[in-house]
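Shared between the two complexes below is subunit A, which has subunit B as its partner in the first and subunit C in the second.
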Partner chain A sequence: MSTTMTSSGSSAAGGFRAPVTDQEWSKIGKWGGLCVLALVLVSLIGMPVGLDRRILIHPVLSLGYLSLLWIPLVMGSVVSRHIELEGVESPEPGGRELLAGALTGLIGGAGMAVFILALDNFNLRDPLVNWSPQLLELLTYGRGIGFGALAWILACVLLGLVGSAIHVVPAGLRRVVSHSFFGLLTFAVLEGAISDLSEGFGLEFLTDSIYAKRGGLTVVWSIVLAVLIGGVSMLTKGRLKAAKADYGALQGPERKRASRILFVSVALMTIILPLFLGTIMNELLANVGLFLLLALGLNIVVGLAGILDLGYVAFFAVGGYTTAVLTSPDSPFFAPELHFAVTLVIVVVFAGIVGLVIGAPVIRMRGDYLAIVTLGFGEIIRLLFMSDWLKPYFGGAQGITNVPGVDLGFVVIKGTDPRSVFYLVLVFCALAIYISWRLQASRLGRAWMAIREDEKVAEAMGINTVNAKLLAFVVGAVLASFSGAVMVAKVGSVFPNSFMILVSIIILVVVIVGGMGNIAGVLVGSFVLIGILGGPRQPGLLHEFQSFKLLIYGALLVYMMLQRPEGLVPSARRSQELHQEEFLQDVWLKGEEHEQEEHEAELHAAEAGGSEPDEGSGS
Partner chain B sequence: MSGDGEQTVDRTSSEERVALLEFREVNTHYGAVHILKDVNLAIYPGELVCLLGGNASGKTTTLKTLLGMVAPTSGEVVLKGEVVNDKPISYRVENGVTMVPENRRLFKRLTVKENLILGAYLRSDKDGIEADLQYVFELFPRVEERLSQKAGTLSGGEQQMVAIGRALMSQPTVLLMDEPSMGLAPALVQQNFDLIQQINEEGMAVFMVEQNANMALSIADRGWVLQTGMVVLDDTAESLLANPEMRAAYLGEA
Partner chain C sequence: MAGRVSDGAIHHFAGGSRLTATIERKSARQVSKVDRFLTLIRVFLVTLIVVGILAFIAQQVAPENPFARWRNPDAVGLTGDQFKGLLMSGLSQGAMYGLIALGYSMVYGVLGFINFAHGEVFMAGAMTGFIASDKFSQTGMWESNFLLSLAIIIILAIMVSTLTAVLMERVAYRPLRESPRLIPLITSIGVSFFIQNAVMGVFGPSTKSYPQLPQWLSKQRSILTFEIAGTKLLVLLVAAVSMGGLWYLVERTKTGKAMRAVAEDKEIAALMGINVNRTIVTTFAVGGAMAGIAGILWGLLFRSVTHMTGFLPGIKAFTAAVVGGIGNLPGAMIGGISLGSAESIAPLVILEPLGVPGVSQLKDAVAFTVLVLVLLFKPSGLFGEQLSAEDRA
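Coming up: the complex of A and B.
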């Protein structure tokens, strides 16, 4: 625990470590307190009870319990983490770290025990709806207050200990254990997808034994899988990294060939796998694709051009409504019943125009104003579609129904066959990825990045910043409208309430969590967030999270902004630059002092020099 | 060559030559605030001139008006004989005017190479751009070593090189420099002025805004002193250095 720069740093150098310092106590107190707070908060918002249905390991661990148990684990880890400081030697982690972790856990557990007592003795159900007998039942494992309180204290101490042990055990062991743990968690979370896939391959017997009837891994298989994953992790130790480094070191044509092989295999996988997936999984993939399309578009606007557009959903709505009006026979005012392909052309033109119309006035504004105004526009568009005024044209709150699927001659793509929808979405996503990729490396892409970095200087370079930003807006709008068009064809109807602000926010979170300005990051972000947590209305793999989704999205956003502004999958450059910035700030602060002194010295010299000429002779 | 450096520009012949860039009775406002007041300036080919003046006297505004980032409210901005008041920045950049902004202002999170390429944003001659890149590397070997590094991670001196390099990439005939020595370590200031002189000796006209009057005048041919938006002195560098009024004006006491 050498976050103290002074005392423990110097004592470590002498090979002697003082007993727990006041500062360390206060740190333990702080994180222990946070641990209690988080545990009680999560309990009171109803997560443990709400998520108890989803069993991860049958019958010992449900998602409900996991929603609590991770807290002391993480707190124990955080409290004993070393902050690497330039020039300060960190002492070897050891017993003190373990003690800190255990104590943090103890505080958390004690808090939980008190909470359980309170649950039993008071009834605060009125303001706190989740203050329920079910919660008490769950927290005490149905075995009485005494058992529950003791169990929580013990469990929290243990988890705190494990959390802090992460920093103490050798790196190899840490790797293997964490791989087993996260691997197991992945197997549990992906249960639906894995069972579905194995069914497609005719391997039901395998998943039938791995997963219990009521859901969740069986205990035996959990152990087997953990050992297996650990073993694989041990065997492949360093190989993956080496392979990656090899790939990175490849040059010229060889690199090209390797990239091509990689690309073709990934492409084949995405094309073939859905054939073996069932309806639910294909539906999920189609949704991920629709949001990926949106996120790729927003990534150009926010990630490349640096325009914080919070009303992005407007273009999604324009794509959706245009498609519905032009293809549905039930369109109330104008129903040409065009084919989807023809419609698409009109959708692109229309989205482009709306992009220009909304973009032109807002594009000259600076960051925060632009964000607020676009937020307003996003809402206005939805309210317009909702309004009685436009009801004769767009059907108001009832929307437009009976939108036909996409007739390709040999097959009709529509929502009842999510696999076909997935393939349609895939085509659009591939197109969007290609466009993003080419734009990024183009002259226009460079102009966008220059504007993102420093608009005034970009202007001084001769870049027409207004046009460039408008173009970003239009490209983003077109990609979003594709997504809207496909979504409406898939669902078969369109309602104003599919286009809430929430859609904008969730896409923004996907882009930020994935890593702004980074195509691979946006891909991963869409799969992880939309695939697992789900979209604004679309369920993900963990559909039990439905009522907590927004909370988690919000928490993720805050966490990412604080801790990993470069996103989950930082492009090497972003991560380097963001962390270098921190480092540079330090250097700069140190350097600044010197410069300040020098500057002052110069000023004095100038004043001394300036007072020489006689003022009277000037006039 | 060193002998030529001492010589001041032949005024009589420069009067007949077409000025690269010129202000005729220019007034500039920010909203209702009158910044530049009837300013007259002219920069001729191959000259190194400097604009001196205290804080907030309107030096940066002068440069911005020259480049077109700010439109004058009256008067004419003339580029090689043509009135360009209504022309966008891009037109002026294409016709040889480029600015090195105050504090260098590189695109910090882009690489050095991307910064340089952005300097050539308006050009489409690939070979020419490549050749100019090589020219910049010749001028600043350090820059070539840092090509794939983030511009924000460079030292102050290196940033200055990239900033000048970025400006050179647009093939300017006149380089506008806003306080090039500001924020540089004292040891680098002299080096920086040497560099400007070197670029000028290669034939480029330089219009430099400075607070560091002594050093700027020591390399310049001519200079102006700006005070609350008015040109109060306009003379050769030598006379300005000798002028006792000059220091008072520069300090804003007169």
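Coming up: the complex of A and C.
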């Protein structure tokens, strides 16, 4: 931050654009180097080859190429970005930014060219499994080394330019272009869902022309779509915001009516839409629902009460195993073969007890110790289910199979009919959302949020922190156990290895990316992450990502924590808290302006050279 | 301190002692419920351990003993050599945990957060060791000049692990230095995930085996009636030397002094002219180097490494750091050794006499139970934690 301040300060002070400073050179070098590193790493991880089969725009662009091409674009954009600070005049972006972007791209492209040469001349296949002829073929477009190297340099420079141009072109144009780009990408990514939906409505002819036979948009249609989306974006400019503001401005009964209409239409959509979707899409929706249920539970524990529970999967396991033992005829020790509805009551009780038992020893620990201990509990529970010791009760590593579906009298909900599973999950999700929503504003919810911010102060305000935290554990456990119960009924079997720590962490990523402490955020997080990338075992829309999704989850978690800890859809209160410092800084800077004049006057009066006024104020 | 002040505030605002008293009584009653439950857990666990050990002793005295037969009808007991063997493998594994634990402990001492990705630093060392030793064995150098190649792979592993740790600090943790402590913890989980899967992508998901060790090293030796494989001896030796080196660095050099000062209080250290940023990087680097050495030792001991190698040892090493008292370096080492021995001995000494079948599967569960036990009985660890002034408050 301080570097930007000084660089923009110095160039603004001169009145004209100074030549590129050393600082800017080093910035270009840094991001260019990062660009090379990222390109090589992505290539060596095997993304280009592994994702090449997924075509986005028919003969032109595959997901494999996209996995590389976004890098120079983003780096070009980052290198030419200026952080705008209140009270500091930032220079008008222009040719210098474009130059920086192009140079960053050039470094990236040159690195790629060197990499291609190395691929051609050395064989490092032994430790590096993806150092393969296929990669070389892909990177050179199968047209020889020289062509490939030149093409990469050119492409990267171009993309770097485009990336930096984002800051240079007027805001309106930027908006339209980015809308049509992301819209196009959405169309390409959602190909499966869209063609499935249109098939359901009997509109195959439309998608058949939009999408090529081997998958991916056709070139003609992608241009048409881009123009269409751009046009729509231009027409609706500002309308959406205005509509939102109108809605926000509504008062009393009118607002109630409006939100009721909104709610009913959304509910109708979620009920009707699956009828027109095929098996695969319904399966996907059911998985999203299961993870949404888990995420809603974790949102209460982490998002509201601020307890980082890394062993959340334990409750999922308890729900799953309880259901399996009570309903399956193959349960090895005790097989009452109860009905799902009866089981559910027992599951709730059990999950609550386990929540208390795990919660009680840990709630007084420091937050970070608690995280590791709960992680330990999650792992202990999985190891116990897997051990020979409890094999007579839970079937060991073979688990319990033959779990019947949910018999509702007129229909049996089973994994073979994902649509019915989706409706079952929907019921639970609706319940969970209702519970979360009611709890949020309740006395208990406010107590949780107070504890999240400062436990000592919360206690001083008369909140019984021990009880409140235990309750958070219990509510979270019950929601997770619902998810476990439905999952077992859906899959028809239960194995200890479905309850790896991985599941906890993926749910944590969903909650954090979506927006901790916000129901809408959790909804968005589940749909975007589980829907597109997929769960720990469940494939998403981009099922080619299967072997890379954990990598992406990890990177996303780091990125979100560094850049946007409040998530995609932030809860208003939480983002205020997270950005408190920036807020204070803004206030301070505004105050500074007034002080500055006095300060300068003082300095002039003193005329004492050498003593530089507060140098360390930036840190 | 803060608690007392706010109690006073309540008192003042309520304008009467009755409300305060009610709150106190109420919270005292509620807390005691949880406390009673915790006491129950403590008593249960202690009883379990005591009964297990008694049954083990009964079993050792005479396997026909009715007490030994009570839970485990086919009790046979352990021979002295078996016990010593268990102890030795526990010790050597524990020494490794101790080396990794140093990194957790130092980072916690300085920055006050758990670097969850430290296990991955260890894995990076083990992976580097595999790649280098595999190349050496292909060229025949591994056999012809084992000691030199071992030295080279240790140095390489230290370099890679140090680099990993330093990069991690620079990219992921430095921007978060002032944020609440859960934020860097969550970030480190992401870092850990990312490194694991990047390594899997680049080097493949298969299990990689270190080349065969020379016969003169791996053969059994007997020292003071203890039969011990030469490899384990080497592990113990290397761990002891590294620990000695670290002790010298921290206690006797200027860098070490700076590290201790920064751990005590960053701001005041900065006022004393210490470059806090550089010292923190040094801390990460030293922790990384220790983890790199541990990685090679892991490779020698188990001769196999995958991208997941860092996960469990990482968590166990954290446990070791907590057992010894976080921030306390000798504590971390002793904690590691005790955890390693407990993990190796407890299943056979406590669980087997209680009639639990398949006890070796529960090794990891034992390690986690040790963590819970320590935090229930003595959260500050066996040898006391050494935290910064700010964290102690």
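Keep in mind that, in the parts below, the second predicted complex is superposed on the first by the 566 of 619 C-alpha atoms of A that agree within 3 Å, B and C clash if a C-alpha of one lies under 4 Å from a C-alpha of the other, contacts with A are read in each partner's own complex, and residues count from 1 in each chain.
Operating definition for what follows: a residue touches a chain if its C-beta (ideal position, glycine included) is under 8 Å from a C-beta of that chain, and two chains touch if they have at least 3 such contacts.
These figures come from a predicted structure and were not determined experimentally.
Trainee: Figure out whether A:457 sits in contact with subunit B (first) or subunit C (second), or with both, or with neither.
Mentor: both
Trainee: Quick one: is A:555 in contact with subunit B, with subunit C, with both, or with neither? Answer first, second, both or neither.
Mentor: second
Trainee: Of subunit B and subunit C, which one touches more residues of subunit A?
Mentor: C
Trainee: After superposition on the shared chain, which partner residues are touched by A:443: those of subunit B (first), subunit C (second), both, or neither?
Mentor: Once the two structures are laid over each other on A, A:443 reaches subunit B alone.
Trainee: On the A-aligned overlay, A:130 touches which partner chain: subunit B = first, subunit C = second, or both, or neither?
Mentor: The answer is second: A:130 touches subunit C but not subunit B.
Trainee: Is A:384 touching the first partner subunit B, the second partner subunit C, both, or neither of them?
Mentor: After superposing on A, A:384 lies in contact with subunit C but is clear of subunit B.
Trainee: Should A:56 be classified as contacting the first partner (subunit B), the second (subunit C), both, or neither?
Mentor: neither
Trainee: Is A:293 in contact with subunit B, with subunit C, with both, or with neither (first, second, both, neither)?
Mentor: neither
Trainee: If we overlay the two complexes on their shared chain A, which of subunit B and subunit C does A:512 touch? Say first, second, both or neither.
Mentor: second
Trainee: List the residues of subunit A that touch subunit B in one complex and subunit C in the other.
Mentor: 456-457, 459-460, 462, 464, 581
Trainee: Which residues of subunit C touch subunit A once you look at their complex with the stated criterion?
Mentor: So the residues of subunit C touching subunit A come out as 2-3, 6-7, 9-10, 23, 26-27, 30-31, 34, 37-38, 41, 113-114, 131, 134-135, 172, 175-176, 178-179, 181-187, 189-198, 201-204, 315, 318-319, 322, 356-359, 361-362, 364-365, 368-369, 371-372, 375-376, 379.
Trainee: Taking the complex as given, what residues does subunit A use to touch subunit B?
Mentor: Touch residues, subunit A against subunit B: 443, 446-447, 449-450, 453-454, 456-464, 573-574, 576-577, 580-581, 584, 595, 598, 602, 609-610, 612-615, 617-619.
Trainee: Tell me, which parts of subunit B touch subunit A in their complex?
Mentor: Subunit B reaches subunit A through residues 67, 69, 88-90, 93-94, 99, 101, 105, 107-111, 114, 117-119, 121-122, 150, 152-153, 166, 170, 183, 185-186, 244-245, 247-249, 251, 253-254.
Trainee: Under the touch definition given earlier, write down the residues of subunit A that touch subunit C in their complex.
Mentor: Listed in rising order, the residues of subunit A that touch subunit C are 41, 44-47, 126-130, 306, 308, 310, 360-361, 363-365, 367-369, 371-373, 375-377, 379-380, 383-384, 386-389, 391, 456-457, 459-460, 462, 464, 466-467, 470, 505, 508-509, 512, 547-548, 550-551, 553-558, 561-562, 565, 581.
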